[in-house]
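Pasting a structure here, questions to come.
Labels A, B, C and D are assigned to the chains in the order they are written; within every chain, residues are numbered from 1.
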Amino acid sequence: MSAFGLLAQFLQLFLTVLLAPLLLGWVNQCRAWLQNRQGPGIDQPYRKLRKLFQKDAVIAESASPLFRIVPYILFGAMCLAAAIVPSLATDLGFSEAADAIALVGIFALARIFMSLAAMDIGTAFGGMGARREMLVGFLAEPALLMVLFTASLISQSTSLTVIVETLAHRHFGIYPSLAFTGIAFLMVLLAENARIPVDNPASHLELTMIHEAMILEYSARHLALVEWASSIKLFAYVAMGIALFVPWGIAQAADWLGMAFALPILIVKLLVAGFGLAVIETVMAKQRIFRAPEFMGTAFLFGVLGMLVHFLLGA
Amino acid sequence: MLAVLGLPLAGGALLALWGHEKWAPELNSAVSFCTFIAAILLAWKVLVSGPMVVLNEQFFIDSFNVFLVVLTAFVAFTTTLFSRPYMRNEALLSALSNYQLRLYHSMYQIFCFTMLLALTTNNLGILWVAMEGATLATVLLVSLYRTRASLEAAWKYFILCGVGIAQALFGTILIYFASEKVLGAGGAALLWTHLDAAKGSLEPTVLSIAFVFLIVGYGTKVGLVPLHSWLPDAHAEGPTPVSAVLSGLLLNVALYAVVRCKILVEGALHNRFADDLMIGFGLITVLTAAFLLWRQKDIKRLFGYSSIEHMGLMTFAFGIGANFAGLLHMTVHSLTKSAIFFSVGHAVQHSGTQAMEAIRGLVRLPAIGWGLMLGALAILGMPPFGVFASEFLILTHAMQSHPWSTPVLLVALGVAFASIFGKVQSMVWGESAGKALPHAQASLPILLHLALVLLLGLYIPPYLARWYSEAARLIG
Amino acid sequence: MPLSSQFINLLASILLLLAFAMLSQRRIRSLIRLFMVQGMTLAVSTAVIASTTNQSHLYYSALLTFSLKVVILPWILLRMIRQLNVEWDVETLINIPSTMLVGIAIVIVAFNLALPISHLAGTITRSTIGIAMACVLLSLLMMITRSKAISQVVGFLSMENGLFFAATSTTYGMPMVVELGVALDVLVGVLILGVFFFQIREKFESLDLRHLEKAEEE
Amino acid sequence: MNLLPIDLIVSSALLWIALGLVGLAARKQPAFVRNAVFPVGALAGLLVAASAFSSRGVETAISLLGLPDLPFHLRLDSLSAFFLFILGCAAFGVSIYSAGYFKNDEKHIGPLCLQYHVFLAAMVFVLLADDAFLFMISWEAMALSSYFLVTTDHRIPEIRRAGFLYLLMAHLGALGILLYFGSMGGDYSFDAMRKSHLTDLHATFAFLLALFGFGAKAGMLPLHVWLPEAHPAAPSPVSALMSGVMLKTAIYGLLRAVFDLLHLQLWWWGALILGIGLATALFGAIFSAVQSDMKRLLAYSSVENIGIIFVGIGLAVIFKAYAMNSLAALALVAALYHCLNHAFFKSLLFLCTGSVLHATGERNLGKLGGLIRTMPWVAWSALIGALAIAGLPPLNGFVSEWLLLQAFLFTPGLPHSYLNMLIPVAAAALVLTGAAAGYVMVKFFGIVFLGQAREEKLHDAHGAGKWERAGLSWLAGGCILLGLVPFFVINHLSGASMLLVGSSLAADKGSWLFLSPISPARASYSPLLFLIVTCGATLLSFLMVRRLYHGRVRRTMPWNCGYPIWNARMQDTSEGFGQPIRQIFDPFFKMERKLPSPFDAMPKYSAKTEDRIWHSLYLPFGNMVEYVANLFGKIQQGRILVYLLYNFVTLIALLLFMP
């Protein structure tokens, strides 16, 4: 763990955590544009967070300590996730602490705590949301791992740093395996971040909501942390997608100049990705909740196919 | 030596006169105890000075039979301990007359006498006579209650064993016929010691016919399938101490007779005919008995069939030459099976029925419930009990010499396990519906037997092991 | 072949004939009579052997046979049927003609089995061992085909006769100790059976063995 | 005198037996038995663990007992030492816990104490046995004592049935093992078996027997049926030991049989174990998701974990068959580490259910809820256990799954194209299982401890006593420690993997902070750093929020989308929580569902899911035995004439067919 690594690590962590709500704002703004609305502006998430932080918390009388701790745990876990996904540089201080499998573990950890907190109050919505969230996770987690496995098989490593370095160095070419896994990854991303078609972050309709059902009982600073954590999660996912499928431009080794270049490149990529997300969410309709398993099953299938194709074609 | 035989005979006579008295059970125990002590002394002597031939060559003691003598005397003794409270309860519950009590006690001792005589005699003819005597003595014991079922059982017992034993006599005659050529007419030609010495020159054809008759004959008493049919009935209907000694001792003695004959025939034949016959009978017996166990509804019949199964196993063991294991199995089987019958006896008195579905919650009487449970587990070959040790030896021996037979044995053992254990469990556990017994139950013999079986499962004392190996060598 | 030997062969064939006769006899009283004749034949043959071979103990044997099987046992049995009032038996498993056929088959088997052995016998009566064996087996067959308790016992006893014949004719008799023991056993056995008959009759009101089939396993 | 670890272990086992007898003798003073006998037994467990951990190399001993030609051989090598370590650690926690737990069972405490300690001692001897005879004796003694423990509450018919099924399966398995030993030949000491050289066919036969025998004990599909019946039936500490330790002895046996005693391994054995393991794991996971009895849920979860361990073993066999020893070591270490982990977290969870059961008298998830408020200690311990079993970093379950997945990622090196293709799919299935475990644990913990109490009486539930807390803390602490510093244990495992596959994980390549089995470039994981970063971020955010926005907290009714009525029956039921899984994996289940009609005055919903395997495999088998028994029954006519005929026919037949 070099000094550069540590510094780069903190820089990336800091930027990610700060910039994450911005990405969310951008996606929402793009969506508004696409829907011919004016939109609240891309800094809306920050305003919302500030508002929430300043409020007094209201907590259900039956809430246990677990309920109050969870937002912090969630936030902490997402910070770690954001820290180890190489978005600016590959030589990160914490990258050895957790590899691709551990990354999936972090997401699982966050999801399980979230679900538990949702069940804590004992409302009908909480349990329902937890169940649905766990179902989505149950299917999304393997799919995500399949995606990462394919990448790991190509690069002979599960370390995210090594994966990104390998992928960035290969000759440009058509990799059918990556195409399959790319689709799978996109589907996982949508499902895991409570986006259409699996969930609708803007809806509180009891028949369909998943994520919102879980955080119904949170308010004020707790809600702020949860929201923030979800935006970091979205950011981490998008960054992961970038790192896996368009890794060019991420600074490698101890290279300050590279990092200086990497930041604008990253921002451009994020803008494009955010716009893409908005397009998807606009053109697709929310599915029935019962369709979610099929959707995730397809993602899993694509992941497995990608891996098999890798074996078959060696690419 | 004389004491071993004389005591039970005298006891039988005494008890025929005073068997109904209050102290008759104590006398019964005392006689059996003295017999046991005499047997131990006898065994000691044989252990120290080797085989001996006494009384004008009419009696012959070697390590094979002396060990059975001790076992027989021991189980006979502990059975009297059990029989004391059992018969007192029974006298109250089934209203036995004085005549019946006298008959019971004296026949019990006579039965012991005939068994000991069969074991110790050197004369194959006397062996036959004693076996027949044992049948006669127990027929009366089986029909003691004079119920329809017990009469029926006794009748079947008498006729089937009578026929069987007649066939054994024919076999004996054939042996005499063969040996007469070699040893000359007269008494010596039926003396085992002489026969054994001259077995190489006996006529093979005669002996193989003789062995067929002998194994069918004595095999009926052993309970080999398909000659076994008398056994479950007789076990079910007699008083339980009699079932205990029938299972624990008489079957052993019959098997002893078969094995003695086998030694001769084997020596004369120089082929595997006798062995193959025993293996075949053994396997058929084990398998059939195991499946028949599945269907039983009467607790004593259940364990009767279990005895059949184990006799089959022993026959098989002697057939494949696992003599050490066979002898060990004889020992542990008779200890365990008699312990089981002790528990069963009280269990039946406790619940007032022999139908297993009506017996529940025996564990309320801990010695009985646990005795039955552990005894059943032991007889099923669960370690650390001794039956496992012998079954282990038999199975491993079979795997090496007759690998094809092991699946049959394992299927049988598995089915037997499911059958017996499922039934025993539902009798031992659960809520009890029985009533208290008028006399305290006999826990000592049960615990004593189970403790011995446990010991044999973990540790076979060197002198016992030497004894077994000696006997196993004799069998060949 | 010496005369005595021929005589014994004759007696042996009579025994075989008697065995068949018993197999076909339905009346119990006649059955017992046949049994008596069988015992008689046996005693005579024993005596003949004794006289031919100068085996003195065979005389005792013959005497024993006579007293037991011609006098005592038939007497007991006849008394019993009088008291118990059983006269007729019915064949159960196989009818009598078929029984006869099976019997003939058995005789063939027995003779064939005995063939290699009888060459070995050093006695004057060597060929009789096959007949003895056939008698034993025929008696067993008779037990199988009868349904009354008494006829079964008669079958049992005639089996005993066959055995005895085997013992005397092939080996000039077993050692005396054994013979006495056998005789004692037979006697005690019959006495016990007597006790039994009364008990069975008392409980079942009949001596028909078909009543003794309750212990089936469902 | 120089006491070797093996002496200490044997004396601890004997001490256990003695304690059991003391407990039986002192059954009239239950307080003494609880507060003295069980804690001393716990210390003996600690002694076993410590001695096993400190043992190096191979130690053997021969006892006076046993058969004349085959005295008991004892042997302590690194494999048995590791499993003894598992046993000792778990036994310590469970015994301490039992000291408090059995206060409600004072009536049975005598026999219970004896059986419990004999059970422990039998497991020790299973692990130490070095000949077939001692192994079988202790193996069956283990089965027997646990059977008695399972049927402690024998007045309930289901428990009797469970006990019967358990012992029957155990016995059938034992017969398989016996046959395995028999087919290995020699004089039945393990030493002779090690030296024997079997042909491929012969060895395969032996392997299949071992797989059957040990698989039956481990709960391998399709021999698992006893497990979900027996484990819930036993008192909770016993369930803990059975799941946590006894199943591991089966794993031990399989490892010993396949790697140590058999001198060769064929690749398809590994594929078979792998396939069965996956099926088992998946089966266990989805079945535990639909259970509504908390102990059954945990029992099915044990089936799942056994499947995962089997997967590791299968991979190890495949690698070993292709002489890729270092990779075999990786897979093996993953499996062994999972054994250890499972011992900790499954014991912990079973003990937690025990406390819940004592406090509430309920096992049905539908009647529990909200216990985190009345029994926080138990709840937080259970949370640790649940997170660990769900395979979440930085707890111990994750470490073993991580290692296993690493092993999977190396399969492309195998010189066999089918395996190359299929094994990654297997990895996917494994991950699916892991995710399902997460689902199950959320259901378990959420329904039992969170939400509102579903029954009135739960409000009076009392927390656990001090002994119980101590036991729970030990196991929970173990889960955390094993998760944070796996390095030490894994280093220790090199002995076992050296013994079995001739190679070890060169754990010294990384520092103690990092776990990188092959090289840091391939993969590395540092749970401690992981924890520090997560906790750091969590704490930092907490402090910042505290400092910047220390707003008041107001307690009120939950918002619940504004719906005014709020009661416990509106929560998700356990059936409801399992419903999605039930729907997705519909064909796996045989389901009976009763839906209320709209006109029911007392609407009632019930759903029962059953195991198809039971109906398609076991019942036909039972019927077959019944049929054969009836065929045999035909020979018992009850007619004496028929019996005489048997005699006659036998005689004639033998005479005719005589040579």
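Rule of thumb we're sticking to: a residue touches a chain if its C-beta (ideal position, glycine included) is under 8 Å from a C-beta of that chain, and two chains touch if they have at least 3 such contacts.
From a predicted model like this one, the values you see are computed outputs, not experimental measurements.
Listed by label, the chains touching chain B and chain D alike are C. Each chain gets a centre from its C-alpha atoms; the one nearest the centre of all protein C-alpha atoms is D.
Remark: among chain pairs B-C and C-D, B-C carries the greater number of C-beta contacts. Remark: chain A and chain B have CA centroids separated by 78 Å (rounded to whole angstrom).
Centre to centre, using the average C-alpha position, chain B and chain C are separated by 30 Å.
If you average the CA atoms of chain C and of chain D, the two centres end up 69 Å from each other. Chain A and chain D, compared by their mean Cα positions, are separated by 35 Å. Residues of chain B in contact with at least two other chains: 155-156, 159, 163, 167, 209, 292, 295.
Residue numbers of chain A whose C-beta contacts span two or more other chains: none are found.
Residue positions of chain C touching 2 or more other chains, listed in rising order: 113, 140, 143, 209, 212-215, 217-218. Pairs of chains meeting the touch criterion are A-D, B-C, B-D, C-D.
Contact residues of chain B toward chain D in the complex are 155-156, 159-160, 163-164, 167, 208-209, 212-213, 215-216, 220, 226-227, 229-230, 271, 273, 277, 288, 291-292, 294-295, 363, 377, 380, 382-384, 388-389, 392-393, 395-396, 399-400, 406, 410, 413-415, 417-418, 421-422, 425-426, 428-431, 457-460, 462, 465, 469. Interface residues of chain D, counted against chain A in their complex, comprise 369-370, 372-373, 383, 387, 390-393, 398, 401-402, 405-406, 409, 412, 420-421, 424-425, 427-428, 431-432, 434-436, 438-439, 441-443, 445-447, 450-452, 514, 516, 520-526, 529-530, 533-539, 541-542, 545, 548-549, 551-561, 566, 568, 570-572, 576-577, 579-581, 583-584. Contact residues on chain B toward chain C in their complex (touch as defined above): 58, 123, 125-126, 128-129, 132-133, 136, 139-140, 143, 146-149, 151-156, 158-159, 162-163, 166-167, 169-170, 173-174, 176-178, 180-181, 185-187, 189-190, 203, 205-206, 209, 232-233, 236, 292, 295-297, 301.
Those residues of chain C that touch chain B in the shared complex are 113, 116-117, 120-122, 129, 133, 136, 140, 143, 149, 152, 156, 159-160, 163, 166-167, 170-172, 174-175, 177-178, 181-182, 184-185, 188-189, 192-193, 196, 199-200, 203-204, 209, 211-215, 217-218. Across the complex, chain C meets chain D through its residues 92-93, 106, 109, 113, 137, 140-141, 143-147, 209-210, 212-218.
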